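Going by the order they are written in, the chains are A, B, C and D; count residues from 1 in each one.
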Amino acid sequence: MAGTIRVAVAGGTGYGGVELLRLLLRHPHAAVVRATSEQYAGKRLDHVYASFRGRTDLLLEPLRAERLADGVDVAFTALPHGAAATTVVAVLDAGARVVDLSADFRLRDVETFRRWYGEHPAPDRLGDAVYGIPEFARERIRGARLVANPGCYPTGALFALVPFARAGLLGSGPIVVDAKSGASGAGRAAKTDLLFCEVEESIHPYAVGRHRHTPEIDQELSLAAGERRAVIFVPHLLPIRRGILTTAYVPLASDVDPEPLLRSAYDHERFVQLLGAETFPDVRDVRGTNDVHIGWTVLAHERTAVVVTAIDNLGRGAAAQAVQSMNVMFGVDESAGLDDIAAVP
Amino acid sequence: MAGTIRVAVAGGTGYGGVELLRLLLRHPHAAVVRATSEQYAGKRLDHVYASFRGRTDLLLEPLRAERLADGVDVAFTALPHGAAATTVVAVLDAGARVVDLSADFRLRDVETFRRWYGEHPAPDRLGDAVYGIPEFARERIRGARLVANPGCYPTGALFALVPFARAGLLGSGPIVVDAKSGASGAGRAAKTDLLFCEVEESIHPYAVGRHRHTPEIDQELSLAAGERRAVIFVPHLLPIRRGILTTAYVPLASDVDPEPLLRSAYDHERFVQLLGAETFPDVRDVRGTNDVHIGWTVLAHERTAVVVTAIDNLGRGAAAQAVQSMNVMFGVDESAGLDDIAAVP
Amino acid sequence: MAGTIRVAVAGGTGYGGVELLRLLLRHPHAAVVRATSEQYAGKRLDHVYASFRGRTDLLLEPLRAERLADGVDVAFTALPHGAAATTVVAVLDAGARVVDLSADFRLRDVETFRRWYGEHPAPDRLGDAVYGIPEFARERIRGARLVANPGCYPTGALFALVPFARAGLLGSGPIVVDAKSGASGAGRAAKTDLLFCEVEESIHPYAVGRHRHTPEIDQELSLAAGERRAVIFVPHLLPIRRGILTTAYVPLASDVDPEPLLRSAYDHERFVQLLGAETFPDVRDVRGTNDVHIGWTVLAHERTAVVVTAIDNLGRGAAAQAVQSMNVMFGVDESAGLDDIAAVP
Amino acid sequence: MAGTIRVAVAGGTGYGGVELLRLLLRHPHAAVVRATSEQYAGKRLDHVYASFRGRTDLLLEPLRAERLADGVDVAFTALPHGAAATTVVAVLDAGARVVDLSADFRLRDVETFRRWYGEHPAPDRLGDAVYGIPEFARERIRGARLVANPGCYPTGALFALVPFARAGLLGSGPIVVDAKSGASGAGRAAKTDLLFCEVEESIHPYAVGRHRHTPEIDQELSLAAGERRAVIFVPHLLPIRRGILTTAYVPLASDVDPEPLLRSAYDHERFVQLLGAETFPDVRDVRGTNDVHIGWTVLAHERTAVVVTAIDNLGRGAAAQAVQSMNVMFGVDESAGLDDIAAVP
């Protein structure tokens, strides 16, 4: 790619959108042409989020789907599920490419979508989308016009499970995915149960067995395994802002050491860090980044691998992975704009 | 019981010890005769913990095992593992009863103890101890001279698992116990990895497959099941002060609704609250109390029950359960001194 | 008083209301006859707040002002400012007594009220109310039919300032009151800026120089001083649930040691703990209680006392102080139902 | 400057040191030649702090003062007070420049140093140091061989006070500096009172009137004012990791609007953001950055300006300001390596 990638962000003041803008405004090969916000249209970004003071004078615009693509190479749509599809189609039809952070194009089966989300607004376009985890679908993303950016939980789960599935090493028992997420995953809508006083010093599971990310994990896991698999997925809400820790209990088909498998899958990946057997990740170490940290052990008595991944739900789980896909789509260095190191402590 | 129960607390300024003192100083039928602290001997309790200002002028004493029982009916030993046993034996030999909050008398098998903790200081006394979850061992506790107060994690796990085990409903697959604990469970020793800046905005698993509470869970689960069972136990450190949320994945032997089972086990127990199917607990609701909150669901596609319990690791997981055992031992109202309602928010 | 105090709570599911219910349901001399909630009318309290499971089957009712007093001796009104007054008047007219937790009857001057809150709904009743800090107005509270329960910030500030004001020791310079409050002080309404993700790892001042608690502090300080005084009041929002730490910078009229002054004011008060010169309080030590912890020092080079108080904004700053006033009004032990010790850690 | 700035970091695994390495490893004009750590010498940085995984294979070395300067242009010394001076002198004598993050060269007066810290190890070098706030001493830093990097609290305070002092607008009354700091300011040493369970849900003042940063504020304020001034300084410990909010109460010499004054001081400064009158900063917006956010108001009734600054204590309060000074010293773009935008939420 020669020159600058011109980007638009639709939904720039939700938590995913603002993280996109944080990354894109500092991206060496991108220029933010346009950012929209229903709630704050007409305001400057740095008056809504003071963290941008002195860095940009970007003005937030109202969303007009048919204009979003004007003068841009790629649009990031960080809109609510259901509402995103119309805008995505309009942008595609106008000739720009799209990385969609909603769930609208993640599921390949329209029936499955209907069951979990309702009627799909553009079912004929489902087939156009590439499910965008670059480490698993780099070539397809390169040529994609529409990348469906994965959900945060599926991202954390699939990095633990896919190597086993691809290698045919998943045993026959239940696959338990016990995930713990920071509160930013629930978005910025004003809800009582997301108030500081309700979340602090607290933890609880929610949507057990019926979280919308379940079919997404099942779909991609089944594709990787070459057979239909379904996980037991239990998300928990944590009193932290960012981060998902996923503890996956993986039944093994045989007495195998997972290390060569994981090394073969990830050693050449710059964003994936294998901490080693018996060394487990902490979400703080990936905060604000696109990194995936992985640790594991095998419990021989149950022939089960415990594989633990840590990601930032707004980074690798949303905005940073979307930017990584953009980098792949436009042929720039895959880590461009994604070289932050987590600020610890 | 007529009259007041005279108590001593050995190790009164660790997190478990100070919670014991908070409960015992307000207990309607107990009088704190003596509290020891190696670190703060000679100081007033309310000068170490200002929360006691205006409530007590109790002076902390150095521990002298042979004197601990003087004039007391029961001693609570909240001392480090290994160090507790000597004191426990001294108190027993002096004629008083003991509730031991250490791990020294929890395991029945001396070989198992050796493997996880080292040489046992008083192996011949192992058989004297009753493992002290009153809801599961009320009659034996009543007559016990030595109650081994359970570990915090085992308490949270066993409330989820024991009813299934006793009913013979545990299926044959792995039993996953994914537990999340507040930092007070790690005690008050000054360690870098327990600093505020290391724990805040963070979560990580630890001691995966080799936490010392594992044999304790296995032992009690096997006793309840009438056969040898072993769990997959993974604890996680949370950025909260108090509370353990335990998410147990229980393979079922048949297609059974757990509700009658759980109701039969717990409906008559005042400290155990069944929130209902699809209603899951939050640790904040049991903070500072002896309560156990339980929610569950069944995932039919894997014939697995997800059973979630919430306890306060310092309350039901340590001091409050110890006081409950004392109440049982001395025949007073089992909820005496344990009627706190969690302060929410 | 012979017999039980029959109480009603209007607004029982806001943060102040639920703390009232937590205290009153365990109060040895009170019986909760009725609790209202607009949002949750028809539901059981323990289904709204699971912390009450197993402790009460209280059903929440819709508020009907004219019925609130039926069969009750005293009503606690924990309603929004402006809305409370009508209910208060209805209860008084029905012959019951009232402890009002809103701001409606705190200010004595109707003009001041208008400037800060708008038109007063019942200006002729302003004179009937007693400003309810028992340590400063015990005798007047005893005979009061209407107690205006103080704001949380004024309570924290006045415990630091009143002894100096009454003794004529306030110097002539600015009195700075720098206060830091937990988020529960802002209530339970679903507002974006109170979301966990907005408050966590964060601190900011707000309403600087124009917080509605300012005239309340000024009024009571002026009454204590016998002359018109006005503070510089700056509140800050902290990422904690409960607690206000107030750092007051008090100009001294002369080179005086504050200790005798403070001891004379507070040594006989069971809820007020003087930690001593150079020993400063921490909000955690008063969490869930009615206690006030006070520390101080004198900075001779500026003839200024730094006086620091810690209270629980929902406890001493709202519900617990209201219960203390009820105890005074009905002649029972002033500490009845208020003997909790903060659970530390 | 042509070419790369070769740097060494002494004390690279304390909280200040690791933040230095985070910034320097990504700095476009710097190369980290050497980093020392007493505790972790011989280990890789990314094995101590997993956040560096995949970014560096830097090996930590033991500190040898006489070798620290080998092949480096500038050394950052992030060592304990008292211990730093020897190393600083060794580096200077070896011909390299130094930015010292300890307190050893901040105070100009050896008597004052002795009173607050003890005997100075190199009193003859005190005069060589430049107190390093670039916005106030840019020219002197440019030529300096030794920059004394300011304390975190003084940095937050001086940005609020210096413009008033320089303009002769400080009134005669007490200047109150009420500061609130995240726990990382206390360092990474394992101390009980810095444990998560001691800090969480808590706030308290400490070292009131006797914090070692007091003489540093007084010194620089007096220099700016051209007359001896001394502040009332009260620091508080917050349950956040990073950030200092400083609320300064500035007596004004006349009825003046501070806005032109502040604009004249800071409008041309890229790292200083004036949020405007009545708009106050939040520490989260500067987290991980070198930014200073400032808001203010004037309380006319007391002729007092309330000026509030927010900084990251490890960023602008330590490592980022040190890097900014390095940029100035070596003539590169002052914001090189310092363009992070705070990750919000």
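Everything below uses one rule, namely that contacts are C-beta pairs under 8 Å (C-beta built on N, C-alpha and C of every residue); 3 or more make two chains touch, one makes a residue touch a chain.
For clarity, every value in this text was computed on a predicted model and none was experimentally measured.
Asks: Listed by label, which chains are in contact with subunit B and with subunit C?
Replies: A, D
Asks: Could you pull out the chain whose C-alpha mean position is farthest off from that of subunit C?
Replies: A
Asks: Any idea how many Å lie between the Cα centroids of subunit C and subunit D?
Replies: 39
Asks: Whole-Å distance, subunit A centre to subunit D centre, using C-alpha means?
Replies: Averaging C-alpha atoms per chain gives centres 36 Å apart.
Asks: Rounded to a whole Å, what is the gap between the Cα centroids of subunit B and subunit D?
Replies: Chain centres of subunit B and subunit D, defined by C-alpha means, are spaced 46 Å apart.
Asks: Can you list the residues of subunit B that touch 2 or more other chains?
Replies: Touching at least two other chains: 15, 184, 188, 197-198, 200-201, 239-242, 281-282, 284, 287, 345.
Asks: List the residues on subunit C that touch subunit D in their complex, please.
Replies: Residue positions touching the partner: 173-174, 176, 178, 180, 197-198, 200-206, 208-209, 230, 232, 234, 236, 238-243, 245, 247, 249, 251, 278, 280-284, 287, 297, 299, 301-302, 304, 306, 308, 310, 345.
Asks: Quick one: in the complex, what on subunit D touches subunit A?
Replies: Residue positions touching the partner: 15, 18-19, 22, 25-26, 49-55, 184, 188, 200-201, 241-242, 270-271, 273, 275, 281-282, 284-288, 291, 293, 314, 339-345.
Asks: Note which residues of subunit C are touching subunit A in the complex, please.
Replies: Within the complex, subunit C touches subunit A at residues 15, 182-184, 188-192, 194-201, 239-241.
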